[in-house]
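Each of the next two complexes has chain A plus one other chain: chain B in the first, chain C in the second.
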Partner chain A sequence: MQNSILIYFDILTSLRTTEDLNELSFEIDNLLSSIFETNNQSFDKALKSISIDTAKKINDAISKNGINTANKELIRNFLDGLKKLLGKFKTIRLIISIDPSHNVIENIHNWVVSNLGEGYLLDIETNQNLLGGAIIEFDGKYKDFTVKKDLENVFLSKKITL
Partner chain B sequence: MSINSIIFFDLVITIFILALALIIVLILLLKSIRKSHLYEIENINSKSNNSSLLDEARNKAVRITDQANNKALDIIQKANLFVNVKNDDFNKELKSVTQKELKAFEKTTLDFIKVYENVLNDLKTRNVEIFQNISNNIETSTLGEIKKFNSVIEQETISSQKMLAKKIDDEYSLAKKDIDAYRQDRLRIVDERIFEILEKVSKLVLGKAISPSDQEALIIDSLEKAKKEAIFDSAK
Partner chain C sequence: MKNFEYYLDATSEIGFVQKVNDAIVYTDGLPSVKPEEIVLFETGEYGMTLSLTADTVEILVFSKKFTRTGTRVVRTNEFIKVPVGQRLLGNIIDPVGNPITPMKSSKTPLEYRLINNPATGILSRITINRQMETGVPLVDLIMPLGFGQRELVIGDRKTGKTNFLMQTILSQAKQGNICIYAAIGKKVLDIKEAEEFFRKNNIMDRVIIVYSRFQDPIGITYLVPYSAMTIAEYFRDQGEDVILVLDDLVTHAKFYREISLLGKRFPGRNSYPGDIFFTHAKLLERAGNFITSKGEKSITCLPVVESTQGDLSGYIQTNIVSMTDGHLYFDTELFAKGRRPAINPFISVTRVGRQTQSGIKRDINRELLSFLTIYEKMQNFSHFGAELNEGIKSTLDFGEKLTAFLDQPLSTITPLSVQIILFAMLWNNKIQNNTESIDKDIEKIVSVYNTNKDVKKLIDDLVSNSTSLNGLLTIIKDKGKDLLQLLGSK
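And now, the complex of A and B:
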């Protein structure tokens, strides 16, 4: 078995936000629980207990890398490896004024991949008072690039002038 | 007392003594007449049997009585005449003395008036001098007091002006501070209100005016700025 990051590539690159990550992490836990703890089900049956989309991604990855689904130990290693990698993602926190559509999230994430590379997830929060732009938090740094802030700066400078 | 007044009183006393002597003589005379009359009546009575004698005696007594009465009247008239004469003399003397006394009194009065006028003039002169002196003293004293008073007033005024100026400065500083604080407070409130209004207006205007694609562009633009400002540097 290829115990490389590449076997998870498709799964990992499909993640856009921390919400996606949490959901995947939760489903992996469920899957592991179904296979090894509570029900002792087969892998194929256990896949049905999670979302179709996630199940497909995991199944594709396993098939692509030739992992025997009957070998529960291999499955466990695969899933544990995936969970460990999920902890390696870096988070870019964005506070924006709109509730972003899937398309918008995709475009933002694409910009991140293009400019920063893989391994980043978006943690998006909505605050309509910001009017536009975004507040960006990353690795302990914080910067406000919102329209609200721009307006405040404009009026502050006007006030100082007055 | 003058000599005239002494003579006057001597005359009065003499007239009084003479009048008293006359009255005494008259009384003695009347008594002797009465005594003789009684004696004759007794003689007549002793001859009571003799009516003619009695009548004669009675007639005689009547005659004697009449004579006595006439004499007495004569004496009284003389005495009255004397008294009248003396009264006239007395009145004349009294008048003369009175006139003399009046003249003397007038003269004395005039002298006294003159003396009084002199004394009065002296007093007046002295009083005028005293008053002038007093007036001068008062003037000098008053002028001195006024000068002192002016000096004190001037000093007090200067002191008061200084105190007032200091107080005004202090009050002005306090008032200025209060006004500045109040102005700052009002500006802060106005600013807060401005941003509050701006936020509301921006929400209403910008929130609706910015399209979803523009919103996305603004977010991407924010990421670009963050990159330029090296927010993501630790990621590489």
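And now, the complex of A and C:
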């Protein structure tokens, strides 16, 4: 088996948010426990215990890298390696006023990839009180680019209290 | 302190609690946080940065509330400060300045000072040259203390250490000096008792109690002596002589050990961290005698250390002995024999106290110490049951009287001038022949001295005009009877 990050590339680059990461992590745990559940449990059968989408990604990665699915030890090493890499993602926390659609998340993530590179996930929280814009928390830095903040500053500069 | 959102906007930095280990919390983020900076949790609790690594910030939390992982933390760009001002007098406050009962309002706002100040440099310090009166003859005549001295008060539990400290505070507060009593990790009842003593003697307006209870967060208890020292420095800068009692540093060391062990610092002797000496030295170094813009002012520090079974060779005990300018040792055996205070003059040390004494006081000191040495030897000799000659008998007899003179009822103080006159009278055999009535005589004389201004002036003049013990003894020999009559009549 290739001992490289590249064998997981497709799986890792498909992640967009911390929710995706948590889900994948949970499914890997499920998979790890189900392949050793009974002696005759085949890997294909074990893949049925997780979502179709994730099962497909894992199956593709395994077959692309020529891993023998009959060898449970190899499968376990593959999954353990994947789990370890999941812990290395950095998180960009976004607090926005709208519930983002899949497209919005995709666009933001694409922007992150093109500006910062791979290895970043979005942790999105919704707070309608912000009115618009976003609060970004990343690497200990906190930036408030919300409409609410702008309005507050306007009120403050004009000494208006509500 | 402002709210969480304010600091979030002001610093634009955030962190999240990653790991909680009792009072120590580890967070990520906060890239520009500094050591000892205050950080604020979104839940309203606050803490102080202990150490930093590339990825994590180690924080000491000043709260007993459980901190959850994921809690947001913000830095404040501020350091631990304590409010200082005249308004603190008469109050009982915690180390960050919160009073037990609301403080009186005042037009002058409280000033805030950093708790961890570096010690004043050598150029601002001067030789200790003024005697600090404790009101206890055994200390004032045999083990004198000077303003600015750091004198360790050491002894086992229940040997009268606190009583002696209360007498010292009483004596100094009555002279108008500021007294700060730092109760470190004490029982509420002990703090209450100290307060009641100060109130009963009407000196609370010159006293500040900085306290932490045993059940308080360890971080708060750790801050108490530093906070008390900061307040002492403020009053020194205001032109006051300050007496600071730190009760006690072994408890402080134990709390610091707990913090260090939780923070996974490498444990050394008795599991104390390697910097325990520095922790106390940087504190005691801040006391001393200083030249300020308002003249020569001092912080006299009396740290208390509890020993176990009279053992002075404990780790913290020896550390603090080596940092201070002497120690008063409270002996369990003497306490059991009924001596009050139970200070053992042969084991106690005062390194800078004698230099503050005038000629007559030094004479008395020398005579007393040499007599007590002889008396001790004679007492040991008499235990063999040998037949005693007249010389030994008279030495033992006088020794008993002297011991009775040096014994002092709890919570009472004897002014230094009275101590000297009484000693001279005793030395000249002018006071009662039986030891039982010496206490009463002393009480009567002190009371006359305190109430009769003429008598007070007479005694003060007599002491200040005498340059040597022999001179004073001659006067007492001639006028002793008249003086005694005067002192006996109100």
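Rule of thumb we're sticking to: the second predicted complex is superposed on the first by the 155 of 162 C-alpha atoms of A that agree within 3 Å, B and C clash if a C-alpha of one lies under 4 Å from a C-alpha of the other, contacts with A are read in each partner's own complex, and residues count from 1 in each chain.
Operating definition for what follows: a residue touches a chain if its C-beta (ideal position, glycine included) is under 8 Å from a C-beta of that chain, and two chains touch if they have at least 3 such contacts.
Quick caveat, the model's predicted, so the values are computed rather than measured.
**Q** Between chain B (first) and chain C (second), which does A:Ser114 come into contact with in this model arrangement: first, second, both, or neither?
**A** neither
**Q** Let me test your reading of the model: by the given contact rule, A:Gln128 touches which partner, first (chain B), second (chain C), both or neither?
**A** Only chain B is touched by A:Gln128; chain C is not.
**Q** Between chain B and chain C, whom does A:Asp139 touch in the aligned arrangement: first, second, both, or neither?
**A** Both partners, chain B and chain C.
**Q** Quick check for you: in the superposed arrangement, does A:Phe155 touch first (chain B), second (chain C), both or neither?
**A** After superposing on A, A:Phe155 lies in contact with chain B but is clear of chain C.
**Q** Quick one: name whichever of chain B and chain C touches more residues of chain A.
**A** When the residues of chain A touched by each partner are counted, B comes out ahead.
**Q** Of the residues on chain A, which ones does chain B touch that chain C also touches?
**A** The answer is residues 139, 141, 143 of chain A.
**Q** What residues of chain C sit close enough to touch chain A in their complex?
**A** By the definition above, chain C touches chain A via 8-9, 11-15, 28-31, 74.
**Q** Taking the touch rule as given, give the residues of chain A at its contact with chain B in the complex, in rising order.
**A** 90, 92, 94, 96-98, 100-101, 104, 107-108, 111-112, 115-117, 120, 128-129, 131-134, 136, 138-139, 141, 143, 145-148, 151-152, 155, 159
**Q** Considering only the defined contacts, which chain B positions touch chain A in the complex?
**A** 187, 191, 194-195, 198-199, 202-203, 206-207, 210, 212, 214-216, 218-223, 225-227, 229, 231-232, 234-236
**Q** Please give the residue numbers of chain A that touch chain C in the complex, ascending.
**A** 137, 139-144, 149
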